[in-house]
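Two complexes, one shared chain (subunit A), two partners (subunit B, subunit C).
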Partner chain A sequence: MTRDRGRRQLAMMLAPYLLGLTVLVLAPFAVTVVLAFTEYDLIRPPRWIGTDNFTALAEDPIFRTALVNSLLFAAVAVPLRLTIALSLALLLHRRSRFAGTARTAAVLPSAVPEIAYGLLWLWLLNPLYGPISQVLRAGGQNGLTVFGRTPPQWLTDPVDARAAIILMSLFTIGETFVILLAVRRSLPPDVYELAALEDATGWDVLRRITWPLMRPVLVLLLIRDAILSLQFSFLPALVVTDGGPPPYATTYIPLFSYRTAFEYLRYGYAAAATAVMLALTVAAVALQWRLLRRHEALRDR
Partner chain B sequence: MPYPSRAARLWRTLGAVFVVLVFVPPLLLLVSGSFTEPGRPPPPTPRLVPDPLSTVGYEQALALGGLVRATVMSLVVAAVTVPLSVLVAAWAGFALAQVSRRVTAMVVGASLLALMAPATALLLPRFVLFRNLGLTDTLVPLIAPALIGVSPLYVLIYYLAFRGLPADLYDTCRLADLTPLRTWWRFALPVVRPVTAGLTALSFILTWSNFLDPLVYVYDRDLFTLPLALRSLSILDPTDFPVFLAGAVLATVPPVVVFLLAQRWFLQSDDPTGRLR
Partner chain C sequence: MTRLRRLATLALCTLLTATAGTACADHGDGGGDPSAPVRLLVFGAPEELAAYRTLADAYTRAHPDRTVQLVEAGDRKDLLARLSTSIAGGEPPELFLMNYRFYGQFAVKDAIEPLDDRITASDKIDPADYYPVAMNAFRWRGRQLCLPQNVSSLAVYYNRTLFEKYGVALPQPGWTWNDLLTTATAMTRDAAGGVIRGTESEGAAQRPAVHGVGIEPSIIRLAPFVWSNGGEIVDDPARPTRLTLDGPAAREALKNLVDLRLAYGVVPTDEEVESEDDESRFANGRLAMLLSSRRSTTTFRSITGFEWDVAPLPVYRQPAGILHSDAYCMTRGGRNKQAAWNFLEYAISADGQRIIAATGRTVPSHMAVANSPAFLGPAQPPRSAKVFLDAIPTVRALPTVSTWPEIEDVTSGILENALYRGDRLDDVIRQLDEQTRPLFARAEHPR
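This part shows the complex of A and B:
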């Protein structure tokens, strides 16, 4: 009897979490998929329109721009973020002077609330008041840099604006850094001792030991960060560049979907855009799964 | 371990200093900008310490933005969400370490999936759900993430921590006829106290900074949390930067202090088999 009671209690302890997963994650997946095939404005009940939303998306130039922007952002920002996080982890994993302070400093920007961080950059990038432009203009004349060129127009030039959003994302690598730090510390020290005995150069150690040992984790983090780029590109685009400069230079899929739903009240259409976002996510997870399986197969051989 | 050469150590130190010099200035600039006097033309040369130093930005931010009320709302949300999320995560993690392997595998799989889904992709469907339940424009959707432990990652961390406890502990408790709830409270939870401390801190930081959820669920100004109030402050006058930077500093202080207090649990233990195991 007590066994049964024990089991009932365990089920009770797990229940709130299962409820949360169902309501906040699984149900939203289902809702997105269903809504994507409807026309819905929150007032009238959803009207089934089949695949019309998706055909419209395929022909929508704004959505296409947003898709290309999102992929471009991920293609540039994610490898950079990962490289920075990895370099920091390799540099700071050992006890040395200032290493502790540097570790804290590297994670600090990630602890700043997203909106405060966005507003900070709204000021930093301002062409007139922003310290970045001021520093770049220092020593130059008539608002030009020392080399006689105009400083980047972060908020009005499409290429510069995209670069600015990428630049913003490079400081918030705390989570990835903490994971890589833990992974680097868990690598077996005797391999490194052996390498030191054989007078291996730092480059050899990196290429022959550290890199192969850390590669599986790096692949996972690469894919995870690529998916998360659909999340951390939203706020900068909303607050700092407002999706512009015109026409839609920094409109990414999340912002497109947000505006379509909450500003233009086309919930079905926005759900279709969200479904594309989820499909990209699922594809990335599947890829990750395959890579992991292949890695395990190689290791077991 | 062979001692690294002096030159190598010097390079490491220089590298560490460089990291500090790159990652700290943005935050210093945030503080510096917030103490600039509003409405002045930009100084001809960039300066780290504004001249004159002025707290007008703070006064205006507090007067215009309704930041005091928003801070209270943020505190209310955090006061409910943080303990609830830690309880949910600790219970779920403990149960996962005890139930059959099939159930554990399924729940862990679902958690990993939930971890992968970008928050922006869940925003719209969650909104439709909450709207149909009549819960938009209340604080409920802001507290709801507590049911997944704010992040499913925290459930998984608790699961690993509880699974790492010696099996004897669980066996002894079972023989002594202790219920799982008592085992959890009297024996398991006290052992993983560092995990609880670290996760409480992270849960607070995440909850306090939550911007996406209030953005879509809350329109009533009286219910605005601090991040949302900051956003409307910046829309009010996007060129009056000392004012919204002052607001940003006020919003940044609590999570940064909590982070600085908590960071030793996941950053500074030089022994990798340390406390989180």
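This part shows the complex of A and C:
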């Protein structure tokens, strides 16, 4: 009787979340997957065309560029974001005079609305008048850096523009930082005291104690960031670089899908691109999971 | 197989209606309550939006029981996104303002209400009062889908004060491309006022304080020069299948355009454009000339530091201009069509066009208003407003195929690299052709 009541309470507590999950995530997901097999323009009824959209995507050079850009972004940004968040958490977990201020500074960029964050970076990265370029040019002559080199062309050079989008992503690690900070602070202090008695070096402590204890959470965050990274690039690319500089240097799959769906009215085609992105996300997560399981199995042996 | 597809479509419609929108629904007549607010979707600079607010306020003052609600989009792409999603969601605005280059994709999907019957029944609108080139640009398969509010052409805005300061001859009607180049070279100056070669600004040398001319690397800026040189930009203007910039006349016009940056350095670099767009650069007195349509006028009227005016486009072999025209279109799924038509009638009528013309935003599509003091009056710049009217007989429209927005986006990226990065002309022309052919192949045509 008590168990039934407990289950009912649990179901009631979960119901709002499950409802939201169904209406806002699962149903649109199902619709997107189905629409990927149709020709649909948002106005006329969809027409079933089988796998034609996927065939066309395979031959679409813009989609291929967007796909490579997205994978490159994930491959570089995710490890960097996680490393920075972990470093900050390890650096700031102790109570000290400036730790509170520093923690706030680390979290603050994540609290800025995305559009405002993008517009802020548009100003920061302004090639001539932006503070980043001004700082890089300080001490140099005729618009060059102090080393006589041209500063990064954030908005006009394809490689630098990709770097700018990654750079923007490195400051919105607040949530990851808070989780890692909480995890680090919850680790048993007696283990560290014991290590100190044993004269363990900082590197030993990190490798033998902190890393193994935090690894389960890090794995979770790695998977979560990999999933989010494929979507994270959307607003910076839309607001700051507009998908350019040409040819499509910062056009990622979400931006490709958005433009194809809502500016060119090819919703079915965009749904197919989104489905590919979802498939890639699942594949990336599965691969990470498998690699980590294998690593753990080897370790346990 | 057909049955299977029909069943699949039915299932999809059910799913979509339940989740995303009402794309499969019949929107019915949508006559609605004439006193309910009419939603008008527009985009533009703050000054342009202020002009539309002036028009909407004037309408409400003239008809106190009717209201118009402006739905303001951030830019053209945002407007397209808002329009498409609102139509899919079954709640489109009753009216939207759109350039003829972009309405084709909505026309082909039957999302725009044809206006022929309403025009015929109207005692306020006579199609003969309007410039035919603008009216025809909004005819789709024999039906008048939208009614144009303006009929601008490309013009050369110039900083008269700066020209007089440096003693350089003002642009004159009938001037040639070489004249433009000579003038732009003479107007590219350093901070001390000396003539400077802008190509040296790449890297080590000083940047020009004033650039000679600003021009956006796009097909709509290139087209009038190709036509003026006797070339064509597409193989068949009615049913285009490819771009024809490989022809000698088009190639020459393209080469001359990219040489403005690469050989002479009279246009700002991409870095400079990203730092400050051409319109702001002109308004801040750092650009001597700017090729733009009438829409820049509203912004430039806020300039107080110098005097500016407009001149016609330079000519190669024959005068040629490009049509810039926006029209009021009524959505098929709008709730309140009669109220929308009432406002549309007012906005397009002589009275409405006088109001919007006074704000500086439009070259009126209504011929009598265009030739009246409401547009030509010398109270506000540009002093030579007649330049816009003189260009109308020679303006041509771009193809209004359904995939034109994609074609413009693809070509602008390639042309940007040609102008700023110096991509080889043969590669540029080949890329333009290769990358747009599939888009033309997918296009549906207005005739």
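Going forward, the second predicted complex is superposed on the first by the 265 of 301 C-alpha atoms of A that agree within 3 Å, B and C clash if a C-alpha of one lies under 4 Å from a C-alpha of the other, contacts with A are read in each partner's own complex, and residues count from 1 in each chain.
Criterion: contacts are C-beta pairs under 8 Å (C-beta built on N, C-alpha and C of every residue); 3 or more make two chains touch, one makes a residue touch a chain.
Worth saying up front: this structure is predicted, and the values here are computed from it rather than measured.
In this superposition, which partner touches a larger number of subunit A residues, subunit B or subunit C?
Of the two chains, more subunit A residues are contacted by B.
Counting only touches as set out at the top, which of subunit B and subunit C does A:Y264 meet: first, second, both, neither?
In the superposed model, A:Y264 contacts subunit C only, not subunit B.
Applying the touch criterion given at the start, work out whether A:R44 contacts subunit B, subunit C, both or neither, answering first, second, both or neither.
second
Determine, under the contact definition given at the top, whether A:L72 touches first (subunit B), second (subunit C), both, or neither.
Neither subunit B nor subunit C is touched by A:L72.
State whether A:P16 touches subunit B only (first), subunit C only (second), both chains, or neither.
first
Is A:N142 in contact with subunit B, with subunit C, with both, or with neither (first, second, both, neither)?
After superposition on chain A, A:N142 lies in contact with subunit C alone.
A:P28 contacts which: subunit B (first), subunit C (second), both, neither?
So A:P28 meets both subunit B and subunit C here.
So, does A:L128 touch the first partner subunit B, the second partner subunit C, both, or neither?
Both: A:L128 reaches subunit B and subunit C.
Common interface residues of subunit A with subunit B and subunit C?
23, 27-28, 30-31, 35, 40, 42, 126, 128-129, 258, 261-262, 267
Spell out the part of subunit A that touches subunit C in their complex, as residue ranges.
Within the complex, subunit A contacts subunit C at residues 23, 27-28, 30-31, 34-35, 38, 40-48, 61, 126-130, 142-144, 150, 153, 155-156, 244-248, 258-259, 261-265, 267.
Flag every residue of subunit B that touches subunit A in the complex, lowest number first.
Those in contact with subunit A are residues 1-2, 4, 8-9, 12-13, 15-17, 19-20, 23-24, 26-27, 29-30, 33, 42-43, 45-46, 88-89, 91-92, 94-96, 98-99, 107, 110-111, 113-114, 116-129, 131, 144-149, 152, 155, 174, 177, 179-181, 184, 205, 208-209, 211-212, 216, 226-227, 230-231, 234, 238-239, 241, 244-245, 247-249, 251-252, 255-256, 258-260, 263, 266-268, 270, 272.
Applying the document's contact rule, which stretches of subunit C touch subunit A when the two form their complex?
Interface residues on the subunit C side: 4-5, 8-9, 12-13, 15-16, 18-21, 23-24, 77, 80-81, 84-85, 87-88, 105-106, 109-111, 203-207, 270-272, 274-276, 403, 405-406, 409, 412-414, 416-417, 420, 435.
Report the residues of subunit A in contact with subunit B in the complex, numbered from low to high.
2, 5-6, 9-11, 13-14, 16-21, 23-32, 35, 40, 42, 88, 91-92, 94-109, 111-116, 119-120, 122-124, 126, 128-129, 131, 134-135, 138, 171, 178, 181-182, 185-186, 189, 192-193, 196-197, 202, 224, 227-228, 230-231, 234-235, 239, 254, 257-258, 261-262, 267, 270-271, 274, 277-278, 281, 284-285
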